[in-house]
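Letters are used for the chains, namely A, B, C and D, taken in the order the chains are written, and counting of residues starts over at 1 for each.
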Amino acid sequence: MNRYFKAKVIENLSLNSSHNLLTLEPLDPAAEPNPGQFYMIEAGDSYDPLLKRPFCWLQKTRETIQFLFRIKGKGTSLMRAFKKGKVISVIGPLGNGYPLPRKKRTPLIVAGGTGIISLFSLINKLSHNCHVFYGARNKDELLLLNELEKLGNKLIVCTNDCSFGKEGMVNEVLSQFLSANESIKTSCLIYTCGPKPMLQEITSIAFHEGIRGYVSMEENMACGFGACQGCVVNTISGYKKVCKEGPVFPIEDIVWT
Amino acid sequence: MNRYFKAKVIENLSLNSSHNLLTLEPLDPAAEPNPGQFYMIEAGDSYDPLLKRPFCWLQKTRETIQFLFRIKGKGTSLMRAFKKGKVISVIGPLGNGYPLPRKKRTPLIVAGGTGIISLFSLINKLSHNCHVFYGARNKDELLLLNELEKLGNKLIVCTNDCSFGKEGMVNEVLSQFLSANESIKTSCLIYTCGPKPMLQEITSIAFHEGIRGYVSMEENMACGFGACQGCVVNTISGYKKVCKEGPVFPIEDIVWT
Amino acid sequence: MDLAVEIGSLKLKNPVMTASGTFGYGEEYSEFLDLNMLGAVVVKGISLKPMEGNPPPRICETPCGMLNAIGLHNIGLKRFLKEKLPYLRQFDTKIIVNILGNTIQEYVRLSKALDDAGVDAIELNVSCPNVKKGGIIFGTDKRALSRLVLKVKQSAGKRVIITKLSPNVSDITEFAIAAEESGSDALSLINTLRGMAIDIDTQKPKLANITGGLSGPAIKPIAIRMVWEASQSVRIPVIGIGGIINAQDAIEFMLAGATAIQVGTANFINPMATIEIIHGIRSYSEGKNIDNIRDIIGRIHGTAGHNNINL
Amino acid sequence: MDLAVEIGSLKLKNPVMTASGTFGYGEEYSEFLDLNMLGAVVVKGISLKPMEGNPPPRICETPCGMLNAIGLHNIGLKRFLKEKLPYLRQFDTKIIVNILGNTIQEYVRLSKALDDAGVDAIELNVSCPNVKKGGIIFGTDKRALSRLVLKVKQSAGKRVIITKLSPNVSDITEFAIAAEESGSDALSLINTLRGMAIDIDTQKPKLANITGGLSGPAIKPIAIRMVWEASQSVRIPVIGIGGIINAQDAIEFMLAGATAIQVGTANFINPMATIEIIHGIRSYSEGKNIDNIRDIIGRIHGTAGHNNINL
């Protein structure tokens, strides 16, 4: 199957001033994605912006793929203006995605900010068999709350400014949880995605507590399918491509700088 | 008054596969244009395409300015996708426009292809006091036929393939008319706009028949208001800027190459 | 918020100027903006005698840029002094005159006359790619450039002399250093890059002159790199030019090492671009708690120890 | 409709190749297109030893272009021959290996090994702007370039040798002539232009390497001009590269004088770009009643009498 395909915009819903929910209908047969995989999406009608943008899939039906994106710069601003019926080109699913845990492991899902988008498809798949820790700067930045609650997981939400849920950073909340649940440490597995400083904190928690886990990384991308070598991160075994060997890496493999 | 203004798309009607009627509402006070003047219109949302595109105005109400454009390349293809409500930046009215004839002169309006768009506002102003010669490649390329008929001028339409009106080129039709109406030659004035080869033919007719007139020229433009020196045409008194000293020139002034 | 910067002895109220050839003689923009607000106006390149320029088509669009082969169409020194300078003098802004000649002698005569006329600074265009026997040799020949700058400085020494460098070279720092050592008070860069476009339908070049100068956002990364290299290799101020459309672009140049910037092609698309850039620089500084815009010049982080002079 | 072209003794079924560093080792694209359809595959630059490349971020977007500072991250000669070449050999297309070294000796050893391995042609990357002690000196020093080409030709003389020129020079024709006179069978141009971008929010360069190579549509006008100049100054075939996204761009290069073309950055945006370009060239030729694509090479009208060699 050719992962380069055309897709039609079915809906492009503005969730709030900085986030949109985009529903695409692939016009060519499209492969089934795994949780944590992503797509490269064409953002404009000209050579500016030139490159496609990487986005994780949120939900998939037989007919459509759904994305949730944050309006950040040039590309996503143009994407916000996508109208129903527009046809764009897309590449995907790309990358490795999250490996599913073995039966006995309890997944601890730790999401910071838009990191929740990447992890949502995983949570969805794992169903209520996991603990979800989700932090954002403030209430307005919290995404997918209703959906997460519906999934019926153990959900702990926190905001830096205490405008919703617990106060504090998601790494602090995770630490507290682990202190209170010593026994879980030997049987849990971390899945995390979010801003770099947070990921570093989670990594060091994982290291100190002896917990294994997976982290989904972000890097600037030109191709998304391993051809340009542009998207590397440093790992204990050298530079690895986020788009192909990642975006998900064993948490202990990343060399943070 | 500042001729750089923002305008909102009120309507963008597809007339046929290659022409759109665009209605803009200026959001800042906009000056009244003269027949034959033009506007520079922003075509895209990014730096590609970079430059604004020049278009003559077609009709003006107190609230709106209307344009008729042909889909040609990058910019006009993007303009075709303009949706209602979109806000773009515009500069105009620009250029000199057609000087109105003195009372006793009978205007002969000679339009080839999209040249009719430039001349339409003039015909509208002159009302039924003129002869209109309008040629196009074929019936499908004829624009504004109903409107022209409504204006009640002496209208002669021709198509190269004889799919509508007379057969032949508009310069041939003009020649025939002049042969049949010898007396008009001393009291008429030509206004013409269209493809270069046609304009050259009209110029040579005017020269041989001793008729004076005006021609509206096209050149690539960067600014539209006299700053870049990019848009010159060669005239008997040297290079002149189409955007400022034109687009309308005395027909006898142009040096054709 | 202090936006003032200095180009040699020239004090500008803010770092935003217009780039030569894109702002006419100032008049063309007076309906769109208040010229008093600009740091400086740099006028279209002036030669001793009026020049007709190249035949049309003279411009064409390219991806995120444009090619021009105006061919230095200008009204000549005499008419400039008589018809255009008095107009510009009304405004509280600095007047910088961009000049070009075929010989050192021509540059010298132009500089003397402009010095006498009391313009604020003279910018030497040594890099226009569109004229066959034009200044181009000075732009790509270090020794010719040195001689030119030296002679101009000798004859119009009171005036601030800005040397505008050509980007069509392997190593911009050699030219930057040559101009500095010959006494140039400042550098401006970049002029346009030589380019070409062909209409595949007619199979003809899109410009009558065949090649032209590439400007616009497309060239910004090259300009930023050259400004960074040049500003690190000389002590005189560097004026950044190339693809500046908005305040973000202007700040990028200042971080790279530019003391001031010139806005070119952007003026065509948005005749109020310069004013919006001035406002945008102010907001940026306020947002970052910068009291003095001079504090950001060359303050790019994370480049310590990098030897930018070697390729 | 005959699309075949010749690069020295190398016969290509059509003029469309992939540009080095943008097509991996071919495999990465096999799900998107049939490699058998391509004129040639040019693989990522190979060095004697594997190279780690530069730290991230390695790429960033610019207006109509991108900067890259991959730093020639590659698996090295040995693994290439063992792991990648056999895969490519399955296809009915030509295999061109782009190589780079720090010394002439390294280029010679690479060429010998690749000659022995029977690749179809060797492309000398003398212009990568991202490696400190890399091939760059050869790209901007005529004499060094001549020596390099001469030595490589002597040691791998059977193979078609293509010299890939750097655009970061004042006069491309000098380098074109130097390569031809030293025995190069063909030229390819352009490699990327050196550029830089700064994040004004963090005030850091957008690339860890500070500068990188600019590619994409932004550079096309410069590339077209250089291909036109180079092709008029030498007799050997010129391969056009730089911002080719679609068939129109490819044809523009051929009209300017390119015998074949390479598609680079476009592969990232549209992995089927090369195939669409082949189809587009065919339609264009049919529309213009051109029986043989070779008939359009350098057939730009209206340039007679123009002396393109002088700046």
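FYI, a residue touches a chain if its C-beta (ideal position, glycine included) is under 8 Å from a C-beta of that chain, and two chains touch if they have at least 3 such contacts.
None of the values given here were measured: they were computed from a predicted structure.
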Longest centre-to-centre distance from subunit D, chain (CA-based): B
Of A-D and A-C, pair with higher C-beta contact tally: A-D
Mean-CA-position distance for subunit C and subunit A (Å): 46
Separation of mean Cα positions, subunit C and subunit B [Å, integer]: 37
Whole-Å separation of chain centres (CA-atom averages), subunit C against subunit D: 33
Touching two or more other chains - residues of subunit C: 63-65, 216-218
Multi-partner residues of subunit A (at least 2 other chains): 47-49
Pairwise touch network: line, ring, star, complete, or other: complete
Residues of subunit B touching subunit D in the complex: 47-48
For the subunit C and subunit B complex, residues of the former touching the latter: 21-24, 28-29, 31-32, 44, 52-53, 55-61, 63-66, 68, 70, 73, 216-218, 245, 265, 267-272
Subunit A partner contacts - residues on subunit C that touch it in the complex: 63-64, 217
Subunit B-facing residues of subunit A, complex: 44-49, 74, 78, 81, 83
Subunit C partner contacts - residues on subunit B that touch it in the complex: 1-4, 42, 47-52, 89, 91, 219-234, 238-239, 257
